[in-house]
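Letters A, B, C and D mark the chains as written, and numbering starts fresh at 1 in each.
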Amino acid sequence: MSFNTFGHLFRFTSFGESHGAAIGCVVDGCPPRIPLTAVDIQGYLDKRRPGQSRFTTQRQEPDAVKIMSGVFTDEASGEQVTTGTPIMLMIENVDQRSKDYSAIKDKYRPGHAGYTYDVKYGIHDYRGGGRASARETAARVAAGAIARKIVPGMTVRGALIQMGPHKIDRARWDWNEVDKNPFFCPDAQQAKFFESYLDGVRKAGSSCGAVIEVVADGVPAGLGAPVYAKLDADLASALIGINAVKGVEIGDGFATAAMSGEENADEMRMGNERKPRFLSNHAGGILGGISTGQQIVARFAVKPTSSILTPRKTVDRYGNETEVMTKGRHDPCVGIRAVPIGEAMVACVLADHYLRHRAQVGEGTAWPFQKPGA
Amino acid sequence: MSFNTFGHLFRFTSFGESHGAAIGCVVDGCPPRIPLTAVDIQGYLDKRRPGQSRFTTQRQEPDAVKIMSGVFTDEASGEQVTTGTPIMLMIENVDQRSKDYSAIKDKYRPGHAGYTYDVKYGIHDYRGGGRASARETAARVAAGAIARKIVPGMTVRGALIQMGPHKIDRARWDWNEVDKNPFFCPDAQQAKFFESYLDGVRKAGSSCGAVIEVVADGVPAGLGAPVYAKLDADLASALIGINAVKGVEIGDGFATAAMSGEENADEMRMGNERKPRFLSNHAGGILGGISTGQQIVARFAVKPTSSILTPRKTVDRYGNETEVMTKGRHDPCVGIRAVPIGEAMVACVLADHYLRHRAQVGEGTAWPFQKPGA
Amino acid sequence: MSFNTFGHLFRFTSFGESHGAAIGCVVDGCPPRIPLTAVDIQGYLDKRRPGQSRFTTQRQEPDAVKIMSGVFTDEASGEQVTTGTPIMLMIENVDQRSKDYSAIKDKYRPGHAGYTYDVKYGIHDYRGGGRASARETAARVAAGAIARKIVPGMTVRGALIQMGPHKIDRARWDWNEVDKNPFFCPDAQQAKFFESYLDGVRKAGSSCGAVIEVVADGVPAGLGAPVYAKLDADLASALIGINAVKGVEIGDGFATAAMSGEENADEMRMGNERKPRFLSNHAGGILGGISTGQQIVARFAVKPTSSILTPRKTVDRYGNETEVMTKGRHDPCVGIRAVPIGEAMVACVLADHYLRHRAQVGEGTAWPFQKPGA
Amino acid sequence: MSFNTFGHLFRFTSFGESHGAAIGCVVDGCPPRIPLTAVDIQGYLDKRRPGQSRFTTQRQEPDAVKIMSGVFTDEASGEQVTTGTPIMLMIENVDQRSKDYSAIKDKYRPGHAGYTYDVKYGIHDYRGGGRASARETAARVAAGAIARKIVPGMTVRGALIQMGPHKIDRARWDWNEVDKNPFFCPDAQQAKFFESYLDGVRKAGSSCGAVIEVVADGVPAGLGAPVYAKLDADLASALIGINAVKGVEIGDGFATAAMSGEENADEMRMGNERKPRFLSNHAGGILGGISTGQQIVARFAVKPTSSILTPRKTVDRYGNETEVMTKGRHDPCVGIRAVPIGEAMVACVLADHYLRHRAQVGEGTAWPFQKPGA
C-alpha cells in the first residue's frame, strides 16, 4: 500500500540498500501448500543478475537467495511447501567493494535520485545509490518468482523491443530467441545489431534507454476491480515504479489516441470451452479495469541511466555549483535487466488480483448465462 | 487502496451508477479548517459537465453538487470550513431518460466494459454503462476540487494536446487559450482545426482518441515515497484508472528511450531562495519517485469511445454471436472531458503525498545543508 | 483501514453528523448477486432507533434508509441484488430541532469527545455531538445488515447482560426474551428489575453503564489471520470503537487470568460431519486469532453517558473555568442501543474475514487429513 | 493492516517461526535522522528474553538483534541514524534443539493454535508452535524500541498487576520496583508472594494467567482518529493481538459499567502551560478515540498457557480421539513476558498515531482559542 510494501493480498515488503548487509523482502499473503524452494527463485534472479555479459555492470554479485521463513515439509509429499505465513527472502550483499566515494558523495548526479532523497530525508546513503539502487529490484524478482505460482496456468514473459531509438521488427518476434541473446530480444536479427550499437554506447561512456514489453498468458477473465483498483492501473503503478521507467502502456497504448472507434473495437465471436474469442487485442486484455481472458499486454519505457562519463553541471548538498561524472561499473542500458523485473512486477499484480477476485466473487464464473425461461 | 477508494491519507470513496439515484463520494482525511462551499467545487464540475458544446454528449445533467457532511461554520470568520471529518459530496442524477435498452441490453459492445463486468460479477447494470460510465468521474472532479486546496501554492492545469492523429504545435502553447475553445486546447490555431475534424468524426457516427497533458506548478521538493509508493507510480495509477486511458507518461516519457544519458540529464545550478535551478525537465519533476520542486508533467492517452454507429461483431451474455451498434447521446471524443478529470486525479495524488510526506518528515527542509565544520 | 473506513475487503466508509443533512455509509467489496432491499436493513435500524421506549432518548428519527447505488434487478428472479459495486446507504436527518446551543456550545462536557475534537481539529460541530454523536452508529447497523448476508449460515445475536452494577443470571438466559423487553435482556426476571432501576436513574438525571454480549453462530473454522489481523484483534477494535465502550473480552476474557491451564483448556473430541467437538468454550471460539468453528463470544463494557443533569466542573474552549450540565433528550443508559450496534460490528468483522480467508485459502477445508500411507 | 503487518504509517512486518532460521521484522515509515543502534533495541529484547529466571522457559536464546538496513552515518554527528527507508531487524534462532516431536506432532494441544492453523492452512509447522510461538513477539519488542523514539517526550511503562487470582495492592504501586523482581510487579510485597505461588504452579506442571497494565506518559492531546481508527480501538487490537490475551480495557474499563455518569466524569480545570488539568482519569486518557493529554492507561488479561503436564482429551489431525500433554521447556505464566510486549505494542500504536495526526493536522495546536472579538 504505502512506502515499501507492494500489493494488497499478495504483498511483499522489501528492505535493503546497495551496500548494506543484505537486501530482500517479506512475502505475505501467499496461499499455503505451494511447493517452494530457493531453486525456484534463483533462476529468475540469475536472469537479473549483473555481470553476465559485457553489456551489464561488472559488479560481481552471486545474488544467492535464502528462504528464511514460511516454508515447511509437507508430510505427504516430503516437499517444502508454503505455510501461509510470511516468507522472508534474503540476499546477502557480497561485492561491497570499499570504493572511495569521496569525489562524488556530496554531489548530485543529474537524473539520479540522490538530490530528492537528500532534500526529503536530510540524509542519504550515497554508496551505490543506497536504497535507490537497482539492486533493490532483486527483491521484486524474488517475490515475482513466488507470484508466478499462484495463478493456475499463467505464464508471464518479457522482451526488449527497442534499444535507444532502434525498434525490433515485430514480424520477426520469436519467444525462443529471447534467452539466446544478452538483451532478452525476440528479434534475433536486431539483437545482433544491438550488440554493436551498445558496444558503441558503452565505449563512449554514454548510456541509452529501452522499451520493454511484458505479456501474460493464461490470465482468467474477471480479474481486476473497478474503479480505483483497476488491473491496468495497478500494472501501470507496478511498472512505472521500476527504477528509471518513465512511461507505460496497456495494449495499443498511445497509439489508440490516433485510432477510430471502429479500428479500436476488439470484436467478439464465440470460441472454445464456452469462452468468447476476440478478433483483435487492441485493449491489451483489459476492459474497464478487468481482464477479458485475452493476453495481458503491457509496455514500458526505460530512460538512459544517469551514470555517464561526460561531466554534467550540478550542485552539491551544501548548495555549491560544481560538475559531476560517474566512473566505475555501470549498465550502459539498464533497460536490459528491466526485463525480468517487469515480468516479476506483472506476475505480482496478477497474483494479487487473483486473490482479490477470489475474495469477492469466489472461484469460477457462470458465463455464458442461462437465458431465463430458455 | 482497493476497490472504490482512491488515495491513502487524502482519500475518497466514490459511489453511484449512470442511471441510479445519485453519484458522489466521501472525502476522508482532509485537513480541518479549510474554507469550503459547494461553489468551490461546482466550477470544476461544470468544466466536465456534458452538453456544453456540440462536441460532447447531449445528456442534460446540471451536475449540481451538495455538501452533505464535514463542514461547519468557523466562529471567527463565519465561513464554512472543513471539520476534519468525512465530506460527503452528492450529485443527484436528473436526466435518467427512460430509454429503451431492450435492443442492446444483452449484447456486449466491443471495447466496452460490459463483458468484463458481466463475466466477473454475473450481473451488470447496463443502463448507460452503469458503474463503468464516465459519469462516475464527476465524483473524482469533485474530490479534486478539495484536493487543490491542500498543497499551499499548488496549481494543477490540463490541456488536450492531440486529437485523433493530430497533435498541437507546442511552440504555440498558451494556457490562456485553454478555456477559450471547447477542447481545452492550448494551441488556438489547432483548436480551430479540431472543430472541423471532430464534426467530421461525429457526423460519421465514429469516434476518436486524444492525448492530454497535466502540469502541476508549485509542488514542493520531497513529495513521494520510495519504492512502491513513488509519486510517479501513483500518478500513473491515477491517470490510467480514468475510463478509456491506455497509456501514461511522466516528463519525456517514451521519448526518453531514444535519448542518450547526456541528453536526458537535467543539469542543476543554484537558483533563488536557496533552491536548485534545473536547466531542463526531462524527468517531469520526479526523480526516484520523489518530486524535485520543478513542474510535475504527466501525459495520458485516451482511446476512442466504443460507442459508434457502425455495427460490430459481438456476442451476447447467453453466448450467441450477434452484432451491435450504439445509438443515442455519446461523446465522439471522450478525451475532451478527460482534461478536468486528469487535473483532478493529479491534484488528489499530490494532496495525498503532501500529507504522507508531512507524516514521516514533518514540514520544511534543511536543504542546502550546513557543511560540518564549515 | 484508517479514519472513517471500517474493514478491509468487506468495508464501509461512513459520513455524517448528528445535525447535518444526512448520515450514512458506502459499503464496498460486497459480493455480487446477494438479494438486498431497504427492508432488509430497516429492521435492524429500527432496533437501534431512539424513542422506542421511555428508556432511550426521545429524539424522533424515523431512520429511514435509502439504497442509493449498488443494486440492480436480477433478470432471472426479478429481485434486487447487489452488483459488486459500492452500495451507498443514506439516512436523512429529520429531527434537527433548532435547539438553542448557546448555553453549552463553548463548554466541554466531562467524559465527552468535545474537548478532544476541538483540541485536535480546532473546530467542532457541537450540535448534538456532531460526528461523535451516537447517531453515526446507524451507519454501522446499516452496513451490518448487509454483512449478515455474506457468511452462509451465520447468525449474530446480542444481549445486555449487566446494567449499572446489576448482572443477569446466566442460568435464566433465553434468547427468546431478548426482543420482549426494551433492554435486549435475555433474563426476563432481571429485565423487570432493570425497568425500575433505570427509571430511578433517569428521574435522577443520572446515567449508568452496561455490559453487552454478542454471540455468532455458524462461523466456519479457519477465519482469521495471524498475527496482526487476528480475528479477536479485529473484533476488539470493532467493539471498543463503538462510542462509550471501554473494555472488551473474548470468551472468558479477564476471568481467564485467574484460571489454571487445566481449567482453561477446551478439550476436543470428534463430533459430527467430520468436525471436532469441543467440551467447553473458554476461548470464545478463537485460538491463535483463528476461529475454531465454535460459537464466537465477545463482550464489551459501555460507560455511563456523559449527558447528566448534575453540574460538573469544566473549562471552555477559551480556557476559562466553568460548569456544565446537559439538559434535553438523552439516553440514561446508552448501553441498551449498543446491542444492535455490537451485533452489526461483529457481523462486519466476520464478513470481512470470510472474504479474506477465501482470498488466501479458497473455500472448504480438507480437515481431517488423510494420513500418508494410510 | 492485514496479515503480518502492524500499523499504518509507522508500521512493521514480521517474519519467522520458532524453529526456523531467524525471526525479525521490517520497520517502515520511520522518520529519518533518528539515532539508532542495536544497543537501543537490545535492552528491551533482554527484558522479554526467556531463561532469565526460573519463572520463564529455560530455552536459551541470546536474542541478539542485528540492524540489516535503514541506518547510515550522519555526517555531522558521526552517529548511526535512520534514513527514512526500511529498517530490517533480524534475530537469528540459536537454540533450535533437535527435539523429538514425534509424540505430539499430530495431536492438537487444547487451548493452542495448532488446530486452527492446521484447519485453515492444511499445514502447520508444529515445532515449538511455529509461527504461533511467543517467539514472534521478539519482533514486536524490537519494533517497539524504535517506536519509543518517535513521539517526543513519551515514555511507556508496563507492570504485572495480577497473577492467577491474586491482585496487587495498588496503594503500594512503585514503578521503581518493577525491575527489581522477575515479574515486573510494582508491588514489592506481592511480588514476594508471587514467587512462592508461581513455584507451586510450576512444580505442579500447571500454568496460570495474569493481568498487565501499560501506561504511557507524555502523549500529546489530539492523537487518534474518529471513528474507525480510534486510538483506543487500535490499542485494543494491538494488545488483544498478543498471544494468549483474552481481554483489554482502557482506563476504568469494565468497572465503568457499574458507575454513574457523575462518578465517571473526569472534571476539568485549567492547569499549567495553557493546558487543561483533569481531576480524575477514568477515561484512561482517551475520549471519542482521541487522546486528552492525560496518561494513557490500558490493561489486558493473559490466559494460562496451554502447555501443561496434565493429559487433556484431544484429537489428532487425522480425526482420531487421543490425549496430549506437554513436556519440556515452557513458561508457567506467559503473562510475565507479556509486559515488555505490551509496552512495545502501545509504543507502536502511539508512534503510528503521532505520524497520522501530523499528516492531517500538522504540528501543534492553537488551543485554547482566542475568543472572536475578545
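In the analysis below, a contact is a pair of C-beta atoms (placed from the backbone, for glycine too) under 8 Å apart; a residue touches a chain by one contact, two chains touch by 3 or more.
None of the values given here were measured: they were computed from a predicted structure.
The chains touching chain A as well as chain B are C, D.
Comparing the chain pairs C-D and B-C, the larger number of C-beta pairs in contact belongs to C-D.
Chain A and chain C have Cα centroids lying 44 Å from one another. A straight line joining the Cα centres of chain B and chain C is 38 Å long. Centre-to-centre spacing of chain C and chain D amounts to 26 Å, using the average Cα coordinate of each chain. Each of the following residues of chain A touches two or more other chains: 1-5, 8-9, 14, 29, 32, 84-85, 120-122, 131, 226, 356, 361, 370. Partner chain D is touched in their complex by these residues of chain B: 9, 29-32, 75-76, 84-85, 226, 355-356, 358-363, 370, 372.
The touching residues of chain C, counted against chain B in their complex, run 1-5, 8-9, 11, 13-17, 20-24, 26, 28-29, 32-33, 66, 68-70, 72, 74, 81, 83-88, 120-125, 130-131. Residue ranges of chain A in contact with chain B, taken from their complex: 1-6, 8, 14, 108, 110-113, 115-122, 131-132, 136, 162, 164-165, 201, 206-211, 221-222, 224-230, 232-234, 236-241, 243, 246-270, 274, 276, 279, 282-284, 286-293, 301-308, 310, 312-315, 317-321, 335, 356-357, 361, 365-371, 374.
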